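Look for chain A in each of the two complexes below; its partner is chain B in the first and chain C in the second.
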Partner chain A sequence: MANAYISLPELISKNQTTLLHDWISLQRQTGAFNRRIKEEVLLEQSRGLLTELCSALQAGAPNDLKATEWSATRKILEEVSGTRTSLGFTPAETATFVFSLKEPIFNLLFAKTDSNVEKQQQEIWGINLLIDKLGLYTTEVAQSARENVIARQQQELIELSTPVVELWEGILALPLIGTLDSERTQVVMENLLERLVTSSAEFAIIDITGVPTVDTLVAQHLIKTVSAARLMGADCIISGIRPQIAQTIVHLGLELNVVSKATMADAFALALRRTGRSVEKRVASPKNGSL
Partner chain B sequence: MEHIPILKIGDCLLVSIQVDMHDRLAIALQNNLTEKIVITKARGVLIDISALEIVDSFIGRTLNNIASMANVLDAITVVVGMRPAVAITLVELGLNLPGVRTALDVDKGLVLIRNSIDDELGEIDAGELN
Partner chain C sequence: MIVEADDVLPVRSTEDVVRVRQEVRSRTAAVGFSLVDQTKLITAASEIARNTVIYGGGGTLRLQILQNTTRRGVRLIFEDKGPGIPDIERALTDGYTSGSGLGLGLGGARRLSNEFDIASKPGEGTTITLARWKR
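And now, the complex of A and B:
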């Protein structure tokens, strides 16, 4: 099967202009291309793919697309996939770029009269396989690019959603928002502990107002964070436990074994008192107005 | 063989672990420290582990043991300067070191020991007055 498309490079190099013309007009017919991609880019990419395909086949590249002979072709396909994904093409539209090459090539092949039917069939089958592989590779690249974007966004989300705020000298606050899974707990814990060191804080208030549910797993993660902070020499206060969550905690039989307060304000007041500070309301004298 | 120095500051002992702990070193520290507490009649022990990067379950347990032993000998033990990575490791190992008091740095550790000793003395004084 490896030699099935032995005549393909010859076919391409001889008829490159015709092939390119047919191919591009076919791509144009599918409509979606014209609106978003520039003519020159389309032409350049199509020509590039044909040239690289030809030279790779002439160099005797094996069937496996991962081989080094195919690296130039792969690069072109990656570029094609990259430009089209950024222009908002669907994966199917991107793959059509490659698949639409089949028709012009087959037309050329049928126009050749010197070969017998059996050989022609073999060639068609071989070319079919090759182009399928190229097309699939394009789709794969598009998909992995998308997955990279998703992974990056997820990472950004994790970092954004766990800020450590310094409320006062020696008092940190950690407002948690969203569900606590083990991965997020890890990030939260690391952030908090690092900040404990850099700001040499003795108190950390973990506010769970934004945590929708507390189950045994979340509680365990909270306990881990509190224990780690305690090992470093800082005390933790948990605040923002909503009534439903308090009920769940008791129903589940969880023991948090930490100081907990209903609101962040209460927790802050406690931390201030423990660090030997107090907040007083100033009595405004009626004569001096607001000051 | 490496040796971990035990320094005396007033009525406190300061142990600063600057090398990687291995099992035998931890046991040696445990022996030396308990002896030193008795000899110097120390009231507090500060163990600075800010240079310690790797802690395994044995070292963690030994730290806990040292603190408990010092408590038996009437010395308050404070472990100071634990690194975040070490703290996370210990928690993941399930070692919460319940017998150990902790502080962020040597400064805060000394204050903690001083306050604890004063509290104890205060209680005794109050008891005598009654």
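And now, the complex of A and C:
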């Protein structure tokens, strides 16, 4: 019989229930899936993907997943990738979920007695490529999610972290570690000023050993903090200016107008002296030579 | 002169400025710059990158590794399509700022580089090229 040609989208939409049933039972057979994923979630995601795939095909979506016709499908795949990644599925396992849709669809296509063999072959090849793309998309999503996490972690690593510590009565230290580009720098500096008030400290040592680059922005933060501290009756000492940073500061033309010391220890010794204290090495008595 | 590597990086946000510094650090280290020379170019890059974000409205950095018969170096080309710099001499003057900076970035970056060039047209954008050679 010269039967009317049934297009692939039509075929899929007409047999959606059967397809879904076959696909789900296939997924159940491959044990790895149902162990970790809830039945309802599996069902919902499978149905969602099939529905969106179907309507995209019917809308004549081009063979390019970036096209707007595919946006709903992409969204489902992103969801699928998200839930599965958080459940500990590997990207390959997630992609296999999508690839496993091939078998039921191919079965359906092969069962179709079509006079137009060439057309049918084209369709099989087309849907094969398409499902590959859908599967690979879940992998891409998983990968970029992972990269985001890594980027965020790196960002946090270089983000300024800083406790204000009291080295001695009246002497605070602020060891700066990280970059001073972000908004948080302001907060850190304000913290120091607040602590100066509450502890009525006379000295604040700002140590920049852990600041990789001192440019005009960093200098501006330092200058502002130093002058605010001065207004509150406290003196700042900057320590930890490494030789290469010292040279760069000179070339930039920066004038920090503040006492600086090579190391935090030197700065601490200076602050002790200035507050009328001194540190001395105890001379061990020859009789009882203990410390 | 041979350009060994030629990469483009975005310079649109504060995070990009941090990334530019990291990238310049790893390139200058790879070329064999001393710590002082690394720091100089990194700091110059930081200044120009931040200007690109703040005044240029964002742009790009082209990062090149250069090799001629006798020496190697790193060239940085910052480009933006911002408002441009109407008076380059004035912008280079230490202490001049149209914003709330110290006005030292541009002049400082010039002093920290071996080669420095500003091309800018009002309304069209700004291209700033810096290079430093390995000593």
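Keep in mind that, in the parts below, the second predicted complex is superposed on the first by the 153 of 291 C-alpha atoms of A that agree within 3 Å, B and C clash if a C-alpha of one lies under 4 Å from a C-alpha of the other, contacts with A are read in each partner's own complex, and residues count from 1 in each chain.
In this section, a residue touches a chain if its C-beta (ideal position, glycine included) is under 8 Å from a C-beta of that chain, and two chains touch if they have at least 3 such contacts.
Note that the coordinates shown come from a computational prediction; the quantities given were computed from them, not determined experimentally.
In the overlay built on the shared chain, the residue A:P212 is in contact with chain C alone; chain B does not reach it.
Legend: residue contacts after superposition of the two complexes on their common chain; A:Q220 is shown touching chain C, with no touch to chain B.
When the two complexes are overlaid on their common chain A, residue A:V117 makes contact with neither chain B nor chain C.
Contact with chain C, but none with chain B, is seen for A:Q247 once the two complexes are overlaid on the shared chain.
Once the two complexes are overlaid on the shared chain, A:D181 sits against chain C while remaining clear of chain B.
In the superposition on chain A, A:L231 makes contact with chain B only, while chain C stays out of contact range.
Taken together, the two structures place no residue of chain A in contact with chain B in one case and with chain C in the other. Contacts from chain B toward chain A in the complex involve residues 79-84, 86-88, 90-92, 96-97, 100, 102-105, 108-109.
By the touch rule above, chain A contacts chain B in their complex via residues 186, 189-190, 193-194, 196-197, 200-202, 224, 227-234.
On chain C, the positions that touch chain A within their shared complex are 14-15, 17-18, 21, 25, 35-36, 38-40, 42-43, 46-47, 50, 94, 101-102, 104-105, 107-108, 111-112. Of all residues in chain A, those touching chain C in their complex are 155, 158, 179, 181-182, 212-217, 219-220, 223, 243-245, 247-248, 251-254.
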